[in-house]
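Chain nomenclature is as follows: A, B, C, D and E, assigned in order of appearance, with residue numbering initiated at 1 for each chain independently.
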Amino acid sequence: MNLVNFAYGLLLLLAAFVFQTTLTGINRKVVARLQRRRGPKFYQQFIDIFKALSKGSTTHGWVFDFGVIMALGGIMATAIFIPFGPLKAVPGMDNIFIIAYVLAVGMLGMAMSASGSGNPWASIGVSRALTNMLAYDIPFMMVVFGLIFAFDSSSLSGLAAIQREGGLLGWNVLRFPLGGIVAMISLQGMLGKKPFDSFIAPAEIASGPMVEYGGRHLGMLFLLHEYSTFIEVSLIVHLFFGGGATVLEFMVKYAVIYTFLNLVSNVLPRFKIDQAVTFFYKVPLAMAVVQTFLIIFLGMGVA
Amino acid sequence: MNSTNKLVEEIRQRFEIIDVIHPDDQQVILDIDKMHLHTLLSHLKADGFRQLSLLSAVDWIKDNIFELVYIVFNWDTGVHVLARVKLPRDNPRFRTITPIYPGAQYYERDVHEFFGIEFEGNPMSYKPLFLELWDEMPPMRKDFDPEAYSREKFPERVYVPHFVPKVEVIE
Amino acid sequence: MTFDIVVILMFLGAFSAYLISKASLKAGAYATTVFSLGALAVLLMGRSEIGSEFSVLFMNFEVTVIGWYFSGVMVLVYAMTSFFNSFWMDKMMYPGSYNFLYLFSLAGTLGLFFASDLITLFIFWEVVVWSSTFIIPMGKSRRAAVVYYTISSIGSMATLYGIMLVYRISGTLVIQEAFVPLKEDPLTATVVFVIFVMAGLTKIGIFPFHIWLPLAHGSAPHTFSPVLSGGLVKMGAFIAYMSVAILPAYEAFEGSLKIMGIPLQLYFLMILGAISIVLGTLMAIKQEDAKKLIAYSSVANGGYILIGILMMDQLSFAGSMMHLFNHAIASAAAFLAIAVVAYRTGTTKISELGGMIHRMPLTYLTYLIAIISLAGIPPMGGFVSKWLIIQGLADRGLMFMALAAFFGSIGSFLYVFRPLAAVFLGQLKPEHEHLKSEPLMMKIPMVILMVLILYFGVLPKWLLGIIGEIQVAAGIEPVMMSGNTILAVNGVLNTLNVFMIFGFGFLISLIIFLLMQKSRRVGLMDTYTSAEFIYTPELYHYAGAFYAPFERLYQNHPSVEKFLGAIAWKFHELGTVVNALFFSHKPAVTVFWTSVILVMITLGGAGI
Amino acid sequence: MVNPVLLIALPLLLAFVSIVFKAYKNNLLVFGTLLNAGLVLTLNKGQYIIGGFQPPFGINLVLDDFALTGILIINGLFLVITLMSLEKLEGFASVLLVALAGLNGLVLTGDLFNLFVFLEITAITAYILSSASKEYRYAFNYLVLGTLGSGLYLFGLIVLYAVFGTLNMADLSVKMAAVDASQLVLPSLLIFIGLAVEVKILPFNGWVKGVYSGTNSLVGPLFASVYAAGMLFVFGRIFAQVIPLGTYLRTSLVVLGALTLLAGEVAALSKTRIREILLYSSIGQSGLIAALFLSGLVFVAVMQLVNNALSKAILFTVAGQMADSTGTDEGEELQGAFLEHKIAGVGFTIAALSLIGLPLFYGFISKMNLLFGIFYSDNYWLPVVILLGTVIEGTYMVRLLVKLWTPGDEGIVSEKAFATERPLTIQSSKVMGIVVLSVVLLIGGLLPAVIQDNLTDSGSLLDEVTPAYLFDLKGGQ
Amino acid sequence: MTTNAKDVRKTWEKIADYFRAHSIWMKWYCTGCGAIEMPPTMTSRFDMERLGMGPMATPRQADVLLITGYLSAKTLRRVIYSYEQMQDPKYVVGFGSCTLNGGIYFDSYATMTRLDHYLPVDLYIAGCMPRPEAIMNSFDTLIKMIEKGEAKGWKHYQENHEWYRRNQLHSLKEVYVKDEFHE
């Protein structure tokens, strides 16, 4: 660890921001086309974020501010760990468990800040978000567990490299199709897209955790959202789609997956929170357990 | 005309009904002396009219009376019964029906607030329900002038005529 | 030679604390602090004397690395909690006895960890059990003490049977030698192992023996809950360690059926541990009382510790040992934070509290750091230990344990967040408007614990070094470290780097925050209410049934409490039946039974 | 050189004197018990022949270690209990003196018929004492069952005499050993039942419930510790030394003892009145001790007996005193009773913990020893029963203690305000007695050698039936 | 010096105003009848998102307070409360004749007749009801106004707060009322 790493990390953060925000904008356009609208400009997301940052804001006490800073800080730190294709700011730190747990700092900060506003909608939203997390994370972690056992590595780039050795068929999504499906469903939950978006339901609980945010706080939350999307989609790209030997390859894979999930999201209604939990525990978790069982006990797809 | 007829017959036997109107098969309007209203409603409720659909008032300012309107509904037969009683317009007071229909509490508050009719035995009815900080005469009384009130409370937009059209008469 | 003095001194200290309490209650409470801090100092200084042996009366002791480690954890928790004792002196029913039993149980645990023969071990085990049994009813529940005692004594009586059996077979009670002959005899070894480890299970609160834990932890005096949860529970881990490491289970069960390289007996226990994790998590999520909530989290964390110990490998075992420490200090810190709240407000019910952060920010911070560690989020200590455990599980491919571990890990976000949101954040109730901040003496232990939690999360090297020694002593490969990097089979973890990148993230985030327009401070009640005017903070606080949709999914769960309660009730009924059958006021009944016995035995005897 | 017959004769004499000088009878009782206690310390072991005929024909007293321990316990506890509750004598002084004589005779005698006589004397005093509770129905019940037991005992005796022509214990044991044990099932069983009524073995103990549950602070401890100890010593004497049991009978009777233990503990668990709890606990303990005697583990049986006698003396004194002064011994009514009586409370707690067998108290040492003993006799099921009994016993004892120390409903922090309002008084004489007894229990637990050394002797005579398992206190090796 | 500083600030503001103009998040206060005109404006026929407009859940997040239809005295209090919860800079759009002059309810005892008396309205959309075309047209105007920095209603409200407050109190007696449901 030296200054170069930090500078590198900062650059990666910037790149991730630009990339993901542009992609979000493009996706808004794609969704609009899906709904036969023209849609906003592809840089609309940038405008939204910068506008939010430029506005005045209110605060409900130090924990409201601190939580947001902690959340964005934690998520940014996580984003630094994520390899951007072949680029890594800090070598040897892309351990999947580290990322999974570091990601939680951001979640916790956000949840803390939201509850700190004193608004019960926020607390309800947080309660739903956490319940949702308990639902989608376990099947995902289970599949990841199987992968780690199969390849004796918990490094993102390491796992990606192993897949690339096998060419297209080496991709884990093809080797372990059940696990791949589980991961995609879980990713949908992680991103908070329909049908798993009940925690920000604007019409029921006034956008849940975000209810009290305005101005710079809201802007930072948007940044946070972009980064966490980047982290989560990157995880899947690395774990199941062979990562990226080049930056371009990574970006293409990333964009395709993200757009696909967005399209899926836009044709689905919304689950109630308990329905989401039941669904995740019935279908993806069962699939994940079967997949892991196949990997560990039968060695299917490993060799 | 069968079920309602029977009902009306029965009621006629028991109560002094001033007038009965049948606007419809399933609807009966009873004008009744205010002395008998409570017994009538109790009877109706026991008879299956479990729902108080509405309690409202009409201001007959020329006759100097308030008319209270009670609509009860029977879910089994689908019959509406509308009972009307008349009250003097000065110092209007009436007994509450909350012991019979507890839900009448809010209707009585409503009527009290908008007409100034007092319901004895319902202390809650003196609390305001809809109008916040109302300080004038109850607004639904016919002698209340809403326009004057509006003028005083809510300043109107004053339009300056920028353009006066010329009217030409064409022979 | 320092350790015998510590053990004896602690016993004497207990008596002197009682006497001092007679003179002045506060002084007595401070005496507990002084004695436990003294013990901590001696322990830390006497590390070089590990391996020394000594005897007191008829009891024999030997200081082992693991004993030293466990007693260090225990004394640390006791010492930190003892700062709080003085605040409850005037509220306690028997303050003098409390101080006495407090130090007495500490002395008992020290004796337990240093015991070199099984009888000594058992003596101190029971000493701790009964001394803590009498502290618990000073809190909110009498039943808790009875349940605690009963469950503990089921475990300890089973252990006693095991001790006797071992002695019968090997003819010795010295811990290191007594188990040796068992290796030859897997069947007896299984019996001994199961009944021996039962004491550990009861104490850690592993399913189905967990029922005492929430009851006792949740309703013990506020100053004793941290000790129970952070300290005494770890005695169970010690017994579990002994059963696995000293027996040694892996050698004794070499020939039995193995699942993923784990002998069936151990695998079964691991399943119990996994059930405890899931069950503790689920139950913690639905608790309405902050203390009970943390108590159930202790059940879940006990599961982690047990699984790790049973693994007896390089990673999970180290993780488990470290988790033991981390959980001890984190759960003590959490309980202490709740104790502060209880001290100021008089309640621990989540729905009766709210907005405490505005009155006691340091307590909030303590609780925050404690729960971050409990939930295993970096950069706190809990992360390192959970990471190690899960790496070990991944290495072995124990998928069901891992499933439970993941569930517990993520579930812990849910339950630890709940008091955070509902007790410390949210609306401040009007009646708490004028609460004072926490007293200085309460701040001291909280700050120390916070620093420790953070320190061992960032620089765990020293701690892992000791754990490495334990592993060497237990005959397994020690956990590897290079610099600040922990080297696991499947990956590496550099905690310092994680921390630094964190700092970097925070810095950027802070810069963004500061660059933008200043915020306007508004009150807690000035929030989005769908434009409705509200004036009642206590109603505008989301605290009860926090995870209602999720709780609904398992509200009709089968309950082992009810099952065990039914068993207890059956004993009760049996007593009534016995009473009705044999203990009659009519002599005729006795005469009848007499003739029955006479006939039966005589005829039976004639038959032979 | 004091003849132990004085232990029997002096109290008897004093009893007659006390009938004449009624005004001084309480003083005479104190004098007699003090005298006896003093005499015990001066006794020498040996055989004492009464009346000049040599055994096996004459009457003799056997003062071996076993008997010495017995009379030490009996006279010591008798003294302490009497001194503690002098105010409860109510004219029973003469009876008590007779009882003392009878109990000493029971333990000392070397002749089965003599034993019967003393058994009757003791039983009669017990019937009289049990009427102190004014519940004559229960006393009568006791009388009936006691008589039944004595009758069966006598019947067994007759059979033995008809077969062997002797009633001298030492002689009989030699002669009986020569016969196949299975042929002696009937007389052994009859004698067993006869004694079992007094020793409270299931199912011959129907009287206990009525008699014990109404006892006051004098009669309760007397029954539960002194009488029980005396009867158990006799039981041990006969079944561990005199009558050899066949495997079948031994096993059946041990099972009966174990069942008594379980039944007693379970029944105690379902009770809420303090004296009822204690009386069922007494039954359980008697079953345990009887089972140990029957298994031939005399030494540990004596240890456990001592523990039980000491603990029960304290427990029944306090419980009886509670009932006497407050009018109830319902646990619920007496919440927080120890709040104002801490010393008595600590004594009660120590006694209860010792009874459960928790460390630092004497009960732990005896429990350890008895477990070692049983394991060394290769009996692996009895320890399970005993430990199960211990768990149950601990549960109800802790339940009781918690209630008596910390008042308050569930979910409320214990406070003084919730304590019982009934006026509980405990006289200082009782408190002193309790302190003395609990200090003995503590010393026994911390420095077991003090009691151990005395008891070891009582076992040494019985080496042939006591396996060499002695719990070496220097590390248990 | 001061002018310089003002210039720098102005540049910054200009950029910010550009963002604000092209990202208009609205809080719809739709207790009146006009809400029905919003869905067609949102959906594919008119697609307001292409101008960067969109509805928001809470006033904290919103830039524009869109008040459709009449306002009774009771709702006016809530509107004022909502407006004060919004973050600067914020804009108010009065939608329909009722906000403009009371519309057909000009003589009602319960509805106020002109919104700008109580809140700084940046833009009115006349009509009963205004059709989506009118809405789109007027928002186009609003975007231009913001871009040029002309939509200064929020500043006006700050500077003339006394005046607004006096009007509010005259019509409403109290803005922040208590009612039984939140006692």
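In this text, a contact is a pair of C-beta atoms (placed from the backbone, for glycine too) under 8 Å apart; a residue touches a chain by one contact, two chains touch by 3 or more.
Keep in mind that this is a model prediction, so the values were computed, not measured.
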Checklist entry - Remove subunit C from the picture; does the complex fall into separate groups, and which? => result A, B, E | D
Checklist entry - Within the chain touch network, how many edges lie on the shortest path between subunit B and subunit E? => result 1
Checklist entry - In the chain contact graph, what is the shortest path length, in steps, from subunit B to subunit D? => result 3
Checklist entry - What is the chain whose Cα centre is as far as it gets from that of subunit C? => result B
Checklist outcome for this item: Centre-most chain by CA centroid is C
Checklist outcome for this item: Relative to subunit A, largest Cα-centroid distance belongs to chain D
Next on the checklist: Can you tell me which chain pair comes out on top for contact count?
Outcome noted: A-C
Next on the checklist: I'd like the Å distance between the centres of subunit B and subunit C, where a centre is the mean of that chain's Cα atoms.
Outcome noted: 68
Checklist entry - In whole angstrom, what separates the CA-based centres of subunit A and subunit E? => result 36
Item to check | Mean-CA-position distance for subunit E and subunit C (Å) | outcome: 58
Next on the checklist: Quick check: what residues of subunit E touch more than one other chain, meaning two or more?
Outcome noted: 58, 60, 77, 85, 177, 179
Checklist entry - Where in subunit D do residues touch two or more other chains at once? => result none
Checklist entry - Which subunit C residues sit where two or more other chains touch them? => result 526, 528
Checklist entry - Taking all chains into account, which pairs touch? => result A-C, A-E, B-E, C-D, C-E
Checklist entry - In the complex formed with subunit E, which residues of subunit B make contact? => result 127, 130-133, 135-136, 139, 144, 146-147, 149-150, 153-157
Next on the checklist: Taking the touch rule as given, give the residues of subunit C at its contact with subunit E in the complex, in rising order.
Outcome noted: 526, 528, 531-536, 539
Checklist entry - Mind pulling up the subunit E residues that touch subunit B in the complex? => result 73-74, 77, 100-102, 106-114, 117, 167, 170-174, 177, 179-180
Checklist outcome for this item: subunit C partner, complex, touching residues on subunit E are 29, 58-60, 77-79, 81-82, 85, 176-179, 182-183
Next on the checklist: With touch defined as at the start, can you tell me which subunit C residues reach subunit A in the complex?
Outcome noted: 260, 355, 357-358, 361, 364, 368, 372, 375-378, 383, 386-387, 390-391, 393-395, 397, 399, 402-403, 406-407, 410-411, 413-414, 417, 420-422, 425-427, 485, 489-494, 496-498, 500-502, 504-510, 512-513, 516-517, 519-530, 537, 540-542, 546-550, 552-553
